[in-house]
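Each chain gets a letter, A, B, C and D, in the order it is written, and its residues are counted from 1.
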Amino acid sequence: MGSENQGSLGFPPAKRRLRLGVVGGGQGSFIGRVHARGARVSNRWDVVAGALSSRPDVALQSGREWLLNQDRIYSDYREMAAKEAERDDGIDAVAITTPNNTHYDIACAFMAKGIDVISDKPLTTNLEDALDLVRRQKDTGLIFGVTYAYAAHSMVRQARAMIRQGLLGRIRQVHVEYFQEWAMVPPDQAGAGAAWRVKPELVGRAFTTGDIGTHCHHMGTFVTGLEMETVRAEFHTLGPDKPLEDTAFMHVRYVGGVPGTIMISQVAAGTHCGFQIRVFGDKASLEWNQENPEYLHYKPFNAPAQMLSRGEGAGIDVSAARFVHMPRGHPEALSDAWGNLYEEFAIAIEARRTGSELPEGMLEYPDVWDGALGVKFIEAASDSAQSGGEWKSCVI
Amino acid sequence: MGSENQGSLGFPPAKRRLRLGVVGGGQGSFIGRVHARGARVSNRWDVVAGALSSRPDVALQSGREWLLNQDRIYSDYREMAAKEAERDDGIDAVAITTPNNTHYDIACAFMAKGIDVISDKPLTTNLEDALDLVRRQKDTGLIFGVTYAYAAHSMVRQARAMIRQGLLGRIRQVHVEYFQEWAMVPPDQAGAGAAWRVKPELVGRAFTTGDIGTHCHHMGTFVTGLEMETVRAEFHTLGPDKPLEDTAFMHVRYVGGVPGTIMISQVAAGTHCGFQIRVFGDKASLEWNQENPEYLHYKPFNAPAQMLSRGEGAGIDVSAARFVHMPRGHPEALSDAWGNLYEEFAIAIEARRTGSELPEGMLEYPDVWDGALGVKFIEAASDSAQSGGEWKSCVI
Amino acid sequence: MGSENQGSLGFPPAKRRLRLGVVGGGQGSFIGRVHARGARVSNRWDVVAGALSSRPDVALQSGREWLLNQDRIYSDYREMAAKEAERDDGIDAVAITTPNNTHYDIACAFMAKGIDVISDKPLTTNLEDALDLVRRQKDTGLIFGVTYAYAAHSMVRQARAMIRQGLLGRIRQVHVEYFQEWAMVPPDQAGAGAAWRVKPELVGRAFTTGDIGTHCHHMGTFVTGLEMETVRAEFHTLGPDKPLEDTAFMHVRYVGGVPGTIMISQVAAGTHCGFQIRVFGDKASLEWNQENPEYLHYKPFNAPAQMLSRGEGAGIDVSAARFVHMPRGHPEALSDAWGNLYEEFAIAIEARRTGSELPEGMLEYPDVWDGALGVKFIEAASDSAQSGGEWKSCVI
Amino acid sequence: MGSENQGSLGFPPAKRRLRLGVVGGGQGSFIGRVHARGARVSNRWDVVAGALSSRPDVALQSGREWLLNQDRIYSDYREMAAKEAERDDGIDAVAITTPNNTHYDIACAFMAKGIDVISDKPLTTNLEDALDLVRRQKDTGLIFGVTYAYAAHSMVRQARAMIRQGLLGRIRQVHVEYFQEWAMVPPDQAGAGAAWRVKPELVGRAFTTGDIGTHCHHMGTFVTGLEMETVRAEFHTLGPDKPLEDTAFMHVRYVGGVPGTIMISQVAAGTHCGFQIRVFGDKASLEWNQENPEYLHYKPFNAPAQMLSRGEGAGIDVSAARFVHMPRGHPEALSDAWGNLYEEFAIAIEARRTGSELPEGMLEYPDVWDGALGVKFIEAASDSAQSGGEWKSCVI
């Protein structure tokens, strides 16, 4: 095969595999299995319990498919929280992979039992709930991760590091876009894992802005290190009839007045997961695309374009090299990024549970505050669109 | 080398090479030489006269470099119009390649002498002048072409044909962007061919919106066949200090409420001429990029993406095949596109001068009306930016 | 995130996770961890035992890092075979991830205990040993997989399916290449996981031909379904001094006289894992590259090129769709391919152990016979190079 | 449009346009028109005379289409040589664009009249004729250019310059390939411009090796600056039945024992003009592809890959910058490369005719000696293939 690499450079080794429980993820669902795959890839977790569905028959059958022990297959997450909290070998953390409107209650239930939380995004369906989770996290000191998993690609970390190092100079404009085509199928034909995403009672005030717009919001702020201050949005429903937007175009402002744009659509025929960020500074620009996540394009002004690739050496920052599991040229992809994220969650949780100190800045996973900012962004964009295009604040 | 092709499929053969005069294009200028190169590539023109500069010494030296005959080197375009009109072998058309604020007067001078006009864009610095040229063209019946040359690439014609044929279904959204980096150099260091472009007294109310935004406006409407109705713009000066915008982000509406975006910047570090159009319909999308002009990406919903390449056969429409000079795989590029445009101008002018009829729709070159629409677009975008983002009409 | 998919379409569900032991893979090694990662990704295996090194201290420390139970950390693979065979919860299979010269003995030891074998490639350092393993496998009926993992990418399966379906017509030529740069570092500085690869006493008669040439041999025959009959090779040592070749160029013939080429080098500056196959038929060609494994380029004669991407629907064969874990556009990569391979191994082993029948052709993993053909290929190429370029048979 | 550039940096300005006559290129031919287009693009030539066909009716009609004056349309190249030599405004050079077997006689006829020669490749159908032309050129001192036009791309000159500057270190291996699909059509259906290429009586001992193999030979030696010493070839006829090879695979040796490969096929379905060179040194590699001629990929060992693009500044050597006609990002392509070549021919011819000295190394166009080396390469490859793969010398 190829040459050597050390893997997980500088991360503390695991003392044991942590135990993960999953809520959601049963038959007909999609994202729960992605969480579980990431946990396995990280090699720091065993998935040992699940309330994979609220329908008992589906929960049972799904639990068997996941090879869970019979006594740790639940159909009620509250029961799961209670029983797992009582076990000596109870779960260390819960992964919440259900529709948006249930995140808040589930998170509260597990936090109340002292169990760390890993929640899918968007965090909640309204800012009030999100801020309440922020408070509860602060009060309990529990770890609360939010799965903006794209930001856990090694080359996204590299982009962030290069900007932090000043290689782009002063940031001048930021463009993020995310195009998908799957919502061109009418919602009632799009499968259980998709259909709920367009229902206001389950997702809140936005479909596409919540589903993929929040990734754009997070990526733009994470990579640049700049908070987003305001947004002006227009919402469109361009595909099959539905009660919420499936497309949105936005102008935004980051701290310091740095302008940017966001374009999102889930009815863009011929696209799959066309999630791209471009950051322009007064010295150079960076470009990264999630469909080719191994490459980071660094383009200095009036000089040859450079293509950095994931790996060690060759100008790669330690914060990116930490996530190198295969040598350069042996591609990693989305499962690996989820693995990276679950590795960070595990390190944070183990450190909390063992009372260890971690070096400042070693972990960069998104937390409950990032989740709340995503909810605020959804509300601001939605307010702006409803107002006919007024600028709205994204700041909490 | 390779296999055969007929070239200029179905265009009437030239009876003679037409005679072209050029205003502008002298030393320190750029675009005039591009016009001349296109004229030569077309093999339907000889460049025989020029007022290449208003400074007599520059005009003389440039004229010699261009290998013009001494008696057809002018420094005053009015003199050129008068003298050439008197000659038996006088120019058939003038190419206007000077700063924007002079286009109107020069065009009037040559039209008054019955000489056909080929003008660079933007047509004029204000709508009033543009509409006056529209009227004069109508009154005289002269040919008046405007050099939106990118739209003369064979694969842009192919894109237009495929949309006309319904391959995309109903158009749902249209995104056009154009990124350059050259204006990151301060205007006073950017060279004579660049510096005038940022001066309001020479270019009117906009820099980047006029220089490259008009290409986005034209390309979006040309390819889709949809008129642009309204624009909401924000203007930014993100590079070295200058009196006009060097960056603009816009939301637009085409006929029927089809939404779109335009993003332009001439201070986008690491980009060169990143001019791209993406059109999404309810069956498929198309994508074309001027830096790789030979390829048109056709992406049907839930089917393999296709890459059409310039050439004959293989699904290429006759309107695109007409401009095939080299077989598929032997790349053509910008000089060839300018050649295509000058070929169309020549055919139109020869037909007018010989009183021939051309088949309906054979020629698709941009004319004075397209030029006027570009000026209206600049004014609408500028008005919108000044108003803080009101929607403004692009319709004349 | 995105739309739904069923995952592992049509594969029988696992009854339990199988138990894997690993020989090799300790500190300083590379490929052992890749095997373990693949096993985890598949979700059909737990890694429960290991002789990760023959040095007891390294074995112990590595075993702890892998979170193995103390009593299942071994430094002698014979002890491991014996003890695991005695346990009720003993390993179902062993993964052999050591230098080439040890594969044979280790395989024999575990087969003797009735334990299924998964071996890295090349299978052995000489054909005699390889054929002996073939015989032992036949005698015992044990599963014996060989990890040509690249061929487990979903889109490689798709390529094979399309050729089987006749989409290329008759195969006319086949070109495979694999370029790396890592051996430009002198062997004694290349790290433990790399240095042994250039030592004849550990790897046999070839370095690069065994290390990556065998992947080319397997890929060419696997994708086309054509056996390789003869090879003419030249070997070069172009990088730092070493006793074996680091570069080889070959002309080959597949069944029916179909010609092809193989180019391999591990001192090709600026390349990483540039492993590419191109198959040309009389109707179309296919092209696949390991560094962008999600895309398969299908290029019919005189028609637009198509880019198929991993996912369900859109022309993807069931044999490729079986390995879809993320929807199209959410990239999978090498860990996922290893996961696919370990999934197939698990299904085969579970079926053998439970006496179940599997549908004909459902599994396409490389087995001990494929491994033996690889060894034959190494010997034929080496013989040819030594002879100054005679054609040598690759047929066993 | 964009920023400025000076064009033809450092070349002496033309005193007048030279006069070109063309032999071949009439209706049904292809390459003659490519020559003429290049001459026009260069702006240093007028095409004024032609023996475009040996059939009088075709010659006449083609000459009219080319807008030649009636008295300079010939059907007999000997008559053309004689008459043009007598005129005060006779042609300065002849472009020979006929089938291979006629190049020698035509070249002799024009050289005898003191007219400079520009010949298509391969130079002749046998080495004896080629060497006779070398002698005649030496005796007369006439300019004799051969149109290996791909090597006139600006970025090919850049590649050559970078290797000359030592950026790759010592050259270690060189791989050149050229794949086309057009000969998949049976020869009798492939059109007049194609059909003659497979006839031994017109092209000599090889089809594909002469037609595109010679480009590989020239490119490999031109870019590296290394002479090719020996070749081992196998010839195949994989497409429709024909008397000569349509596919060939070769191993070669450059000076100093540097190994390389050449792969060529004109029956490679789905390819167009896939002409690529990759040069690997002990510091870095370079890669260039004719279908994307604006970009040169420079890949240093263990460092980010760089993509150089045509233009001035940004590390571009003066020998490449001389051929910059459009600023970076405004693509040039094959017509521009032909223009570059015709520019060099014009400069050389003007210098000869005016007795001027040109700076050493300013011009790098291929000459009669390069043409003869190409013929020698064809013969060596053909001899090797006939011998069953013996190494044959390419050295004259």
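Here are some notes:
As a working rule, a residue touches a chain if its C-beta (ideal position, glycine included) is under 8 Å from a C-beta of that chain, and two chains touch if they have at least 3 such contacts.
Which chain is which protein? Per UniProt: A, B, C, D = Gfo/Idh/MocA family oxidoreductase.
Predicted, not measured: the structure shown is a model, and the values here were computed from it.
Set against the C-alpha centre of chain C, every other chain centre is closer than that of B. More inter-chain C-beta contacts link the pair A-C than the other of C-D and A-C.
Chain B and chain C have Cα centroids lying 54 Å from one another. Averaged Cα coordinates give chain C a centre that lies 44 Å from the centre of chain D. Computed from the mean C-alpha positions, the centre of chain A lies at a distance of 33 Å from the centre of chain C. Residue positions 271, 298, 302, 305, 309 of chain A are each in touch with at least two other chains. Considering their complex, residues 298, 302-309, 313-315 of chain C touch chain B. Residues 1-5, 7, 13-14, 16-17, 28, 30-31, 33-34, 36-37, 40-41, 43, 65, 67, 180, 182, 185, 190-194, 211, 271-274, 290-294, 309, 311, 325-336, 339 of chain B are the ones that touch chain D when the two sit in their complex.
In the complex of the two chains, the chain C residues touching chain D come out as 168, 172-173, 175, 181, 184, 232, 234, 236, 238-239, 247, 249, 251, 259, 261, 263, 265, 267-271, 280-285, 298-302, 305, 389.
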